[in-house]
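Quick heads-up: structures coming right below.
Both complexes shown next keep chain A, but they swap its partner, so chain B is in the first and chain C is in the second.
Here is the complex of A and B:
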């Protein structure tokens, strides 16, 4: 299992800040697809991902117990 | 005014030496909205040698809640933000040389401004201009500090050419549909928190204390109480077209710029993104509806109206801005909604 943290408005869409899901040995892209389907999250392809507080890309492979944060970039100023 | 900077020089990482450096440097500030006015005030009070402020917009009433330099008088006079910011900064600190440039920041118009500056601070409201800044920073080897905020969310990251990854390494492409202040609102503390991150790193760079520069990408949400700083040490890509081994600076080419065209005889400007986007029209419609726009839609397009300005947005990201022939104004309205 891995822990997934939802930042900003993603937290509101999912209804909670953190979920624990299957994902050991998956890559980030596969996790995004699964999360998008399970929670109705759109636009995850342009969301930044941190794995254990380190920047990750879609090919990053996850391990048991990892914490994955999805952080939507913002553009206002 | 010998006491002017005494509390700043008492802070030992700056000291008298650091203050001398600050007063000999030139910062380019791109954008004079919420982040821009707060950064301009900070740099002015800190005693920067020269400050160049670039902005294409003018002061409006809806800016006053968070754009800290501006006043009701600026709104009445419809002063360009760059000029209003310059006047207020000069009232705060007459020792600082402030230059106001009223223009739309593009690859072509911004490049000459990079000559001779020590640091570029991002206070823009869209990713397209940020990617241009990112490429120019790499090409001219000048650090820049990304900052952005929407709602209660903010983020900041400092890019030092040759040391850190660049924004293109982290974002890969321009995000399709980022929230903007016109769709997601914005509260003042989110602005302040971003500026605090930008300003602290700006001071470090100006006094050349590079080891102290924040090494990660910081994000926070002051309403949902979330904070994270991502490490980015392994994010630098050797094949990055902006900062890698064979850079082409893709965002400096015209193909990657938003195009505007005046449609003859229709008092309308068409705005076209560099590449077709796939907008979620339904979501965009409900966001805009929630922030005071009148929205009409069908499966192919959204027609939105606010304060007498009407815009039609297609799902490929193209938009028609009605009631104007001013291409810069049209781009301002477009990027306010679509980032």
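Here is the complex of A and C:
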């Protein structure tokens, strides 16, 4: 299992901050497809991803216990 | 802790104190505040949200980038989260350097990098509604709660 975190509008659409899902040995792109289908999220392929608090690309392979965060365009400052 | 996410109001002096150094000849302080009008639209208040663990790491990364680019520099950054009213302080960046030019440049670099890589988001609340802001220029936003078709293809 891997932990998936949602922020900003993604959190509003999903209605949760965090979910635990199958994803061990998947790549990020496959997880995005699964999450998009499960929660009706559109445009997830263009949202950045962080794995264990570092930006990661779609080819990154996930391991048991990883924390994946979907990072919409940031607007701090 | 030179790089922080704070739920409480930021004490500006505390951030500045972190970069005081004997070799410094200049300290620049950037104070980002909540603006009332954006493109003629009146903001009532903002909510800032952060992925705190990663945000602190990315602020530390910005500090490292600055120290590599401008030698003998000290950097401290605190970003606020939660509900902020008009004029409230959202971010304070303090940079000390031996000479003033580097201090201005490094401070400017810090705020621009925050807007690129630090996972912090603001939600604008207006009289007629609310919206997560996609970026500071307000060119990417999701009024429906989802990215629009043109953003997805962009």
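By our rule, the second predicted complex is superposed on the first by the 73 of 77 C-alpha atoms of A that agree within 3 Å, B and C clash if a C-alpha of one lies under 4 Å from a C-alpha of the other, contacts with A are read in each partner's own complex, and residues count from 1 in each chain.
Basically, a contact is a pair of C-beta atoms (placed from the backbone, for glycine too) under 8 Å apart; a residue touches a chain by one contact, two chains touch by 3 or more.
Since the structure is predicted, the reported quantities are computational estimates derived from the model, not experimental observations.
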item: Contacts of A:13 with chain B and chain C, given as first, second, both or neither; value: second
item: Partner chain(s) touched by A:69 [first = chain B, second = chain C, both, neither]; value: both
item: Contacts of A:41 with chain B and chain C, given as first, second, both or neither; value: second
item: Where chain A meets both chain C and chain B, residue numbers; value: 5, 7-9, 42-43, 45-46, 50, 53-55, 69, 71-77
item: Interface residues, chain A side, partner chain B - complex; value: 5, 7-9, 11, 17, 42-43, 45-46, 48, 50, 53-55, 57, 69, 71-77
item: Residue ranges of chain A touching chain C (in the complex, touch as defined); value: 5, 7-9, 12-13, 41-43, 45-47, 50, 53-55, 69, 71-77
item: Contact set on chain B toward chain A in their complex; value: 31, 33-36, 122-127, 130, 147-151, 153-155, 165, 170-173, 175-181, 184, 186, 217, 219, 221, 224, 226, 228-235, 280, 283, 339
item: Residue ranges of chain C in contact with chain A within the complex; value: 32, 48-51, 53-55, 57, 79, 90-91, 111, 114-123, 132-136, 140, 142, 145-147, 151-152, 154
